[in-house]
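Take a look at the structure below.
To keep things simple, chains are lettered A, B, C and D as they appear, and every chain counts its residues starting from 1.
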C-alpha cells in the first residue's frame, strides 16, 4: 500500500496528475470510501485493502471534466468499465492516468456475518493470510478469505488489466465458480418456480436506486426512471409490476454494455442478486451472437448495435422450452 | 389542451354495415378533449372534406381524428384537407376502422367496440401531436443509370433528351446488354443489332450522357435528390483516349483460348478483347487472368503492335465520386444455371443448348457464323426438340416459381426461323402452356404452328439421354393424347428461366432498396407505382423489376425516365418531417444511436449546454433531418430517451398503448 | 412482568392475529424486514436490524390517497379508506420506537396527516430489547436505552423465554387478549439482562459520539463549512440512506393512470435525488453537495430547531451499514468534530 | 382451473411496421380474412421503433399478449431496422421467460405487405395461444385491473 501512496505522491508532485482518485480509510477496516486526494498530506488517509471493492471508473466521468489529469487506481475488473465508458465517450482517456492495481479478491463485510465486529485482521494482505481474524464484541472468530469474498470475485474475469498506464502489485485470478451456473439453474426452473424466485427477491427492492447509481453503465445524465419525458418516472415500487419494470429495463439498457463488474449486487441493501439480470443477458448474447465481453476493448460494436443476417429468431425463446 | 374533432366515415356500407358509426361518434364525444364528432357516408369525398374544414373553422379544432380506411389509403387526403383549412397536416391521425375492423369482423357489437378503441387510441395520440413542418432539400440535377442494356440506354436517352445530365455505369466493357446477344426479335423478326446499335450510338454521342463502361457502383450514400456515389472504373489497360479500335492487338494476342462470354462460351476470344464488333466504346480491355504479360511478365505483344500507343499495363482502377439526384436501376438478367437439371443432359452433350446459346448459333457473328449446326460435330440437325419452362414455374427449389414470360415467344421465333431457313428440319416443342398475350403475339405463335408446321406437344420432358450414335433420345409425355413419347433428336434447346443479375442484391443493399424473394427489386406499389422503388429517388427499369420482353422493357425504361425527369425538374424537395430529434439536455453523447443509423444521419458535436443552471461543454447527438428517414432505430438504442421520433414519439405510442389496454 | 416460552411464540402470534393484523420481522430471500405474519412466515427476532425500518407500518413507502374514475363522461372521486382495524407491530427495537416519536411530531402536528394518524391510533407497539447491539449502533448518543425500549408493550428474550411487560393502556388491552398464554415472570431476570446489554452498549465504538455544535444553531454555523465539499464527494446520490432510515419522512405525491382513471398516491422521496422538490422553475438544490448537506442538517439542525432540540436521528446505524460508499451521519458528526467548527 | 375460452377475451396489442406488416394487415382486411377483434394494431414506422418499454407498458396496463410484426429480414424499408429489432426482442423475450412470464404472450412475426393470409393466420394462432394461457397476472399492474 505504501508503494501506491509513494507513487501517487510523486505523480502529484511532478505535476503529471492534478489529483488522485482512490479509497480513503474510515473508522474501521471495512469502512472504505472512494475519495479524491488533492495533496500529499491528504494521501495519508489513502488505503488499499480487501474492502476496496468500489469500482472507481464511474467517478472518472466527473473527473474527466476537471482541469488536468486524474490518477485513478483501477483493479483488473474495473478496467473493463473504464474502457466501456471510453467507448461511449463518457470518460476521457487523456484525462486519466491509470495505475492498474493488483487485486486478489475483494471482501463483503456482510459475508463475515458476525454481530458486533470491531476489527478484521488479514483483509489488507490476502496473500499472507488465507484466514481472516475477526474481533467482535462477542468474542473472536476466524473466517476464510474466500467465503467472505464478493460474489463477483468467485467468477473473476482474470488478472489482466484491459487499460493502464502502469501496473502495481500482484493480482490473482480468484474464480472458483461457473459464471453462468446460477443463471442456468434458474433457466432450468419451471415458469412458476422462476416467477416465485424473482418475486421473492424483487419484493425486497426498496427502489433506492443504489444499483443504478453505482453502475458504470448506468451513466445517463438523466435516467428514464427520473424523467418525465418517457412517462416512466417512478420513485417507488407501488406494485410488483414496477419492481420488475425497473429491473428489466435497467438490465436491458445496459445489455451488451454491462461488463459484469458486480457493483449492483455489491451495493444492494436488500442483497438482491441483481447480477442475475445482467448475466442472463450476457449469457444469451454469448450463446446467440457469439462471445462478447463489454469493455475488453474500446472500438468493437456492441451486440445490440450490431446484427448478423442469419441471427436467430425471437421464437428461439419458445423453442428452447 | 387540444380541441379534437372526430370524423367517422361510413365508407358507404363498407364500414357502416359492421360498425355502428353513430355509437362511435357518441363514444368519441365522451373522450377528453373531443369537442366535435360526426359521421358521414364518404369522408374522403369533396363534401366530407369540406365538413372537416367547416368543423375546423367553427370549433377551432387543433387536432383531427378520422375513423376511416387505412392511413395508407387516405392519410394524405385528410392531411391536405386539414392543411387547406388552416390546420397543420400532422395534426391529423387516422383510426383504421375499415381494413383493421369492419372488413374482418362480422359481429356489429364487437366491431363497434373495437372501432371505439381504435378511435380512442388515435385521440390519445393526437393529444400529443405537435405541428410539424416539412423541411426542404436541394436536388442535384443529374441522374445515374446502373446498367447499360436496352433498359438503361433508353432511360438515359429519355432523361438526356429532357435536358438533364445522365451517367450510365455498365460493368462489362461495352453497353448493349442482353439485347446485343440476340439475333432476331419477336414478333417482327427484325434484327436485334439493327435496332439496338443505333440506340447505343445515340447514347454514346449524346451531349448529356456520360458512359462509364467496365465500371461498377462501389458505394452509395445520401438520399433522394442528393445521392453521392462512388464508381469504380476498372482498369482496362487500354487508354480510351488513344485507342482507335483498329483491332490489331486482338488479332496478334497470343492468348486466344479464353471462353467468349458474349458467345456464351461457345467459342474463344483473346486475352485483350472487345466483347463484340459493335461494342461501345470500341476499345478493348485486357483480361488480366488470361494475359501472358500479367501472368508471367513476358509478352507485351499488344503494346508493340499498337500504333496508337494506347496499351498501358500500369493502369489502375480509379474511383470517381459523383453526385446525383436520382438513381435508376437497370441491371437486367441472366439465365439460371442448369447444374441441378441433370435430366436434360445439359453439360453432358454439346447438342443440348440454351435458347440464348441458340441465339448466338443463329447469329451471323456467332460461333458458327450463323449456320445452324450441331456443336458436337458440325452437322446440320434434322430433328430439333425445344423444351419449355426449364426452371420456370417450378415448384421445387431447383428453379423459379415465376413464369419467365419471354420463353414462349422466343421459342416460337426460333422454331419459325429454323423452319423457314431449313425446311427439312423438324421442330418439336414440349410446353406446359403457351402464353402469348401481347400485340400480335398469338398470331405469331399460330403462324409457327399453322404456316411453319412446328410440332407443339403439351407435356413435359422427363429425360434427355445422349445416344452412342451422337443423337439424343428425348423421353416425354403427351398430356393431350395421354401417352409416353420417345423421340430421337439431333439437338435439344432449353428455354431456360431468367433471373435477376446476381449483382442486384449488392446494389439493392447499397441503395437500401428492397428486393423480393426472387431477387427482383420491389416496386413502391405493384400497380400504381411500378417503376419506383420504395426508397425515394431510386427507380426501376427493365427486367431487374420482373421478367419482361423488349417492348415492355423499353416502355418501362421510358416511364422510369419520366419519373426521374419529374424529380429533377424540381429545385427543392420537401422532406419527411417525421424525423428523429435529440434532446440535448438528456443526451449522453454515447454514440450508440449513430451506430444503428442506416443513413449516417447522426453526428456529434461538443457544445455548451445550460442544464438547469449547470453550464458545461457536452458531446451531444445532432440529427441531420435531411438524411434521417424516420425509422426510429436510434430511439430504442438511446437509454435515456433523449432521442425521440417526431410523429411517432415515445409518449404518442405509449398513449396509444394505454388507450388500447384500458 | 409476564413471560412465554420462545417455542410458544407461534401460538402467541396466532392468537394476536385473531383480533389484529400482526407485523413483525420476517426473513424473505435472506433478508429480514417487517411483514405481515402468517403461519408460513419465517419470523426472525435474532437479526438486530431489519433492512427497512418499521416506519412502513405507519408511513408506507407507497400509499394511495384517493382514486378518480371516469365512466361515461362522469368523474367520481373516492378517497382511500383510513385505517380502522387494530394492528400490532411486534419486535420493534428501541431506536425504531423513538423514530416513531420523530415522525409523530411531523405528521401529527397541524395540519394532521389523517392517513398517518389513523394508523397511529390503531397501531399497538410491542417493542423488543436489543440483546446483542452491533458496531454501527449509536442510539445511546440520543438518550435511547437499548435495554429498555419504549412502546405499548416491552419485551425481552432471556434464556429462551420472552418477557412481556405492558406499559400503556393499549398494551394492557393487548395483554388481556393473550393473557392465558402468558405466565408470571421474574423482573429481576430482565434487570440482569438489561445490565448486560448496557455494558455492551458502553463498549460500542460510537456510543460516546459528541453532538456538540449540533442543534438549531448549526444551521447557521455549519451551513457554509468547506467540510461538506469534501464529505459529499463519494455520494452516489442513491436513496439508500433515506429509505432505510427510520426517521426520514419526505414524500412525493404522484398520479398513476389506471386507464379507467387516476390514482393519486404518495411515496417516499429522497432528498438525495436530483428531482427532489422539483418545481416548475427547476430545483432549489442543484448540486449533490447541497442535497447531501440538506439531509444531515435536517437531521441535526433544522429538525431540532423546530422540535425543542430533538434530533431526528435515533442512532440505529442503518445508514452506517448500508451506504454503498460508506458515507453516514457518524462520519459527518466526526468530521465536524475534527475540524472543530 | 380450466379456462373458459368463451368468456376470456384477451387484450392483444400488435405493433406493425408501416411498410410491410401494417400493409399486410390492410391486405388481410381487403381480402376479408378474419381474425379476432381482440387484436388492436399500433402503427410504427419500423419494427426497430418498438421499445421494450412499450411492450412492458402494454402488459402493465392490462394487455394479455403483445406481438410485433415487421418486414421480413432483408426486406426492411430502412434496410436494417428489423435486424436490430430481432436482437432486441430475442433478448427481451428471453428475459421475460427467465422471470417466469409465460413465453407464449410475446411473439415476433415477419409479415410482408403481400402476406394478408399470413397476417390473419398469425393473429388467429396468437390469440388462440394467449387465450389458452388465460389472463396475464404475472406482468400487470394491479391498479389497472378493475
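FYI, a contact is a pair of C-beta atoms (placed from the backbone, for glycine too) under 8 Å apart; a residue touches a chain by one contact, two chains touch by 3 or more.
Being a predicted model, the structure only gives us computed values, none of them experimental.
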Chain whose averaged C-alpha position falls nearest the assembly-wide average: D
Approximate Å spacing (C-alpha centroids) for the pair chain A, chain C: 30
Length of the line joining the C-alpha centres of chain A and chain D, rounded to whole Å: 36
Rounded Å distance between chain A and chain B, as computed from the means of their C-alpha atoms: 52
Chain C and chain D: spacing of chain centres that average the CA atoms, whole Å: 46
Junction residues of chain A - those touching two or more other chains: 222, 224, 230, 232, 238, 304-306
Shared interface positions of chain C, touching two or more other chains: 256, 258-260
Chain B: positions in contact with at least two other chains: 596, 637, 650, 654, 658, 661-662
Arrangement of touching chains [line / ring / star / complete / other]: complete
Chain C partner contacts - residues on chain B that touch it in the complex: 29-30, 612-614, 658, 661-662
Of all residues in chain C, those that touch chain D in their complex: 256, 258-260, 263
Contacting residues of chain C [partner chain B, same complex]: 72-73, 257-260, 282-283, 286
Chain A residues within the chain D interface of the complex: 183, 186-187, 189, 191-199, 224, 230, 232, 238-242, 244-245, 248-249, 251-252, 255, 277, 280-281, 284-285, 288-289, 303-309, 311-318
Residues of chain D touching chain A in the complex: 52-53, 56, 59-60, 73-74, 80, 83-84, 86-104, 106-108, 138-143
